[in-house]
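The same chain A turns up in both complexes below, where it pairs with chain B and then with chain C.
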Partner chain A sequence: MAELVTLTIDGQEVAVPRGTTILEAAKQIGKQVPHYCYHPGMSSPAMCRLCLVEVEGAPNSMPSCVTAVMEDQVVHTESKQALENRRGVLEFYLVNHPLDCPICDMSGECDLQDYVHAEGRDRGRSDEPKRVFGRDDFGGDVLFYGDRCVMCTRCVRFMNEVEQDQRLTVVERGNRSVIDTFFEEGLEGTHWHGNIVDICPVGALVSKEFLHKARAWDLERTSSICPSCSQGCNIELHTRDNLIQRIKPRENLEVNGWWMCDFGRHNHEWVNRGGQLEDPLVRGPDGVIGAAGWRDALGDLLQHVRGVGGARVKAVATPFASNENLGTLAELVDALGGGDMVYRSVRAEDEIVLKGFPTLARRKDLAPNTSGAELIGFTRVGDDQAAGGLENIATYDGIIIIMGDELSDQEANFGKEAALFVYMGDQQSPAAENAHFVLPVSTFAEEEGSFTNVAGRVQCFSPALKASGMARPAWMILGALAAELNKGDAPRSAADAFSSLASRVEAFAGITYGDLGTRGVVVNETYVLSEN
Partner chain B sequence: MAISVKVMNRPDPEHTSYLRAALSGMALTFRHLVNPTKVTQQYPEELTNLSPRWRGTHRMEVHADGRPKCVACGLCPTVCPANCIRLVGGEDDQGNRYPIVYEIDEFRCIFCGMCQEVCPVEAIHVGQHFENAEYTRGRFVYDLDRLMEQDHPTTLLWDPSDPSSE
Partner chain C sequence: MAYPYVSDLEVRVISKYFGDPGQRRIDTYVERGGYKGLQKALGLEPDAVTEEVKASGLRGRGGAGFPTGVKWSFMPKESIRPHYLLCNADESEPGTFKDRELMRWDPHQLIEGCLIGAYAIRAQHIYIYCRGEFFEVNQILARAVEDAYAKGYAGEDILGTGTTIDITVHQGAGAYICGEETGLMRSLEGERGEPRVKPPFPAAVGVFGMPSTINNVETLAAVPHIILNGGEWYRQWGTEKSPGTKLFCVSGHVQKPGNYELPLGFPLIDLIEHVCGGIRDGNELKAVIPGGSSVPLINAEDSSICTLDYEGCVEVGTMLGCASVIVMDHKADIVKQVRRMVDFYAHESCGQCTQCREGSAWTARILRRIEEGQGTEEDLDTLMEMTQQMVGTTICVLSDSVAAPVQSSIKKFKDDYLALIRGGERVGAA
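After this line comes the complex of A and B, so read on.
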């Protein structure tokens, strides 16, 4: 621990390590000094001049984002001098700003809007015509509205320092200066450029995918974990009308910093695709499959299971399922007398590392919970396209349980011989034609649960959407069955399912669902998988 | 207790006759018959004068080239207390933000006029209009084309000579 320096900010004493900036020290006591160019993940050029604060004894106001704290310093962030300064700076920002908030996608979450409302002048005094740049396509997913830009250069610094692929620069000088790309291709081909839309404090950089789609104040924001690779980036799902509208990264310095990759950011159409299974389907004695309620479906299933008796289980799970779902499936397989548990997952050819934050990468593993599946005892089969590997299951004559795997590469006669074939998924699969039971389960966006990422960090996610029809989390269905077979209690929440997992699987021992919090917990070190 | 009967005397004819009331009523009628001031309104040949602040069904203003003035900012559905406006924004060929879907459920509307007040581009207005009869309920959900076709005068929400109420 570095040596502590004590200073006074707005009459409140605060002790911070030497070298901390005034802006960060003020954050410690809950004071947000307005700023544009400063971002904790990048260098500070101190060029927006908005974070100037009054420091007693200093001849001028000091930029708080680059001024290190000093012993016994007295800082005022809301004195007359500081407020006058911000009012003046904000007036300059509005000289050329088009004030097109009604058609700007940033409206409602814009720092310029917020600061001017809070501290700016109510009317501008500039009589000059505003300079007009218009709109520019930066390639990739990014549109640039030059007139709205406040020249904080966060985007330029992100590309130079964090992605380390120099694609943007400031051209011209003075009030003609504008952000531009070097070549025709712009940001095309870069893998992290979605982040410059997030860090843009105004609406100068907007996402083409999200353009005019929803207003910021209409969106529900739910903490979640990115399901697109095994990195486990912390994200927020922004939803409206029971659809995911966009995905934004959530800060977690242990995993993804402030960033996320474009692949994960735009990979949400599969949740929104619709056509989900809504009712449990049960095959009657006449061989016709029809909808049933949960009570009947589970009752029938139990009867069926007891009738089959003694056959070993072959279970195929998806690594998109949470620890709770996989753990409860393993528990059920045990209760049925054991069997083989496998999973299939897509693997990319290489990792895409974010150079300025090297612990973050789009991993090879394109599923969020392969680590969890391995720890719980599932083994990987099939190739890198998540195809094949199920040959001996397709013709198996015992109990087959499919959870989440859509069997898209399998023939229609899959499981024809099976004594009991249970298919659980959110979508109907053509290969599940022979299933005796088709049970609708919710997706990660519709349920509570946790994923174990590539580094063995267990992180939980919250439900953002309403599951369709009678779909239920898989742990609820499997847990009820396992409880009947074991004469135990069925889990009533994801936390219950997790604690029963923790009591059965040593890697999770000692962790409770409450421990996970917003930052996650790493499983026992000896279980961390070396391979990504 | 013995039941006693109270005998009420019948009122004299001077107080019970309806003749007096009928005559005074007829007198009023005849007075109006010869009175030159007409009070009956000849609707629909003659239309009533609505107050300039009368708030009736909506109307969308259009540009000279026929495009709606609306920029799909989303403020009217946000401010609407009755939640009667449905809006889906999009981008047209010229890169302008415009409403792909703009519907107002006039049955649900409470005619508060806040949509007109909040509109940053003076596109949506409530109007001085009250003849809204339709044959089906569905016709009371006005879509964008219907709103643009309306040609009744728009409502004044404030005195134009003193717009900021100073």
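After this line comes the complex of A and C, so read on.
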């Protein structure tokens, strides 16, 4: 623990470790000093001059983002001097800003809007002609509107310091200075450039994918975990009209800092693609499969299960499933007398490490819960394209349960011999032609649950979308069956399913769903993915 | 060949050989007593050299007037890291032309001063950051450095004392802001020439992250004389707080503009009347900018009582700066002059700090409008209030340099503005 320094900010005493900046110290007492160029994940040039605060005894206002706290310092963030500076700086920003908020994607979540509304002049005094830069395609997913830029250079510093691939720079000087790319390819081929759109405090850098898709105030924001690799980046799903409109990173210093990769950011169309399974489908005695309600479907399924009895179960799950879903599946397999549990997953050739935050990488393992699957007792089969490995299951004559794996590489005669073939998924699969039961389950975006990331951190996500039709979380369906077989209680929530998992699997013992919070909890033992 | 104008009132210490191309040759320089100061310094402890400069009371000639010896003493005494001496030869302040002359006529005097300074601060490398547009000066300096190496005054084992000091002449690329010390260091490092926040100060973290000291050309040019003759000797000129001599670059509406070396504390009015032969065509004095375009201008009344030393200028509300005296007679268009200065600063702002980037360009636009007869009286209030936001709020003082001429001219020459405003009607006024 570093030595503490006590100072007074706006009449409130606060003790922070030596070396803390005034801006960060103010955050501790809930004071947000307006700022643009400062970002906790990068160096501070102290050039926006918006965060100047009055420090008693100092001849001039001090930039709070780089000024370290001192013992007995008295700081005023809302004194006349500080407010006048902010009012002045904000007016300067608007001298050349186009004020095109009605057509700007940033509108509604823009720092310039917020600050000017809060502390700016009600109108600017400049009626001189404005300087015009126009629009520029920066390559990748980024469009640049030079006129809106406040020259905080966060984007330049992100590329230089965090991604460490120098693609952006400031050209010219004075009020002719503008952000630009070095060469025609711009940001093309970089893997983390989506973050510069997030850290742009105004609408100068916008996402092409999100361009004019939704207004910020129409979006619902839901905390979630990125399902695109085993890093487990904390994200927010921004949704409207029951569709994911965009994904933004959510701060978690233990996992992803403030960042996420472009691959994860743009990998959400699969959730939006439509055509999802809506009703439970049950094969009747006549061999024809038809829609049924859950009560009938589960009743039939229970009867079937009891009828088959004794045969070992072969279960195929996807590592995209939550700990709760996998745990409940394992519980059901146990209740049925045990069996083989496998999963298949896609692995990329390379890790893409974020050099300036090296604990963050787009992992080789492109599934969010491989660790969870392994800890719960599933074994990996198949190749790095998540194909093959199911040869002895395709022709198995006992109970086959598929959860989430779409079997896209399998033939139509998959499971033809099976005594009972249950297919659970959010999409219909051509290989499920022989299934006795096709049960619609929700995706990660539609349910509550948790993933265990590559470092064994269990992190929970919340439902952002309404599941299609009668789709339900897999734990709810499997849990109801297991409860019937075990004569126990069915889980009524993801938290119930998790506590049942914690009681059965040592790695999760002692952890409750409530403990996970917004930062996650590390499991008792960590599964380390083998490198080959 | 005589230097354009000389005066009997001058005390020529560093400008003694202005106008004499022979002084550029190392042999002539040595014959006339050159490099003796270096020889003497190398025989002393580095700290003794610093003490001597402290005793002389020499103050930075680049504008801020910080005591040179004190600045040197901030350098770490022992360090495993390399130290650097940077010579700021990026002279680009409008109205200033003293460093150019010092380097043009007497390059070895500067090199000797640099070497002594480097020895005092234990630096092994000197960078002379020379303004890019000084083509001739760059050539002269490069030649002089080559000669100094050839004669053993620079490089390894200087004069057999075992001291090694290298000299690099770096040619700038034409940015005024690279004359700001941290901007200069960033430029040397190959980055954009943008000032950075202090602290850390250059003596702790300077160029390439190493302890560095940065001095103006004129400051370093005075050092060999101080070492050779002693600090007390230097104090025979000037005032108690501003000792020594200083080059005054006089331009504008005087009969004999030019560089004059005078003791500090010299009355401004005597400089104009006696040294420079008075105002041109018998006109009346209207305004003086005593320290280069970035200091407030003063009117005739203040000029008559102003003495040219660091304190004397502050007393009349301006600064000595780098002593570039710009004289304007009653026919001068103050608004136009101020607008041209602000245009310069708007063009040269590095663009980091918001106040400077936006404020300087905005100020320039308003001034141009006023000049064209399209101004309003509210514009003057806006200018005053807006430029006040630019004082003391930015990383470097370029922003303050915009405010100084604007505020002082509105305060002291408001009638000039009002005449332009009332003379014409502004089209499309809100």
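Everything below uses one rule, namely that the second predicted complex is superposed on the first by the 524 of 532 C-alpha atoms of A that agree within 3 Å, B and C clash if a C-alpha of one lies under 4 Å from a C-alpha of the other, contacts with A are read in each partner's own complex, and residues count from 1 in each chain.
Keep in mind that, in the parts below, contacts are C-beta pairs under 8 Å (C-beta built on N, C-alpha and C of every residue); 3 or more make two chains touch, one makes a residue touch a chain.
Everything numeric here is computed off the predicted structure, so don't read it as measured data.
Touching more residues of chain A than its counterpart among chain B and chain C is C. Contacts of A:M151 after superposition on the shared chain: chain C is touched, whereas chain B is not.
After overlaying the two complexes on the shared chain, residue contacts for A:N195 are found with neither chain B nor chain C. Of the two partner chains placed by the overlay, only chain B lies in contact with A:R135; chain C stays clear of it. Using the contact criterion defined above for the overlaid structures, shared-chain residue A:P102 touches chain B, although it does not reach chain C.
Looking at the shared chain after the overlay, A:Q245 reaches neither chain B nor chain C. Of the two partner chains, chain B is the only one that A:D218 touches; chain C does not reach it. When both complexes are overlaid on chain A, the residue A:P63 reaches chain C alone and has no touch with chain B. Across the two superposed structures, the residue set of chain A contacted by chain B and also by chain C is empty.
Across the complex, chain A is touched by residues 175, 177, 192, 194, 196-197, 346-355, 357-362, 365-366, 369, 382, 386, 389, 392-395, 430 of chain C.
Contact residues on chain A toward chain B in their complex (touch as defined above): 101-103, 107, 135, 211-213, 215, 217-218. By the touch rule above, chain B contacts chain A in their complex via residues 71-75, 78, 89-91, 95, 97, 120-121.
Those residues of chain A lying in contact with chain C across their complex are 45-50, 52, 59-61, 63, 66, 84-85, 88-89, 91-93, 95-96, 125-128, 131, 150-151, 169-170, 172-177.
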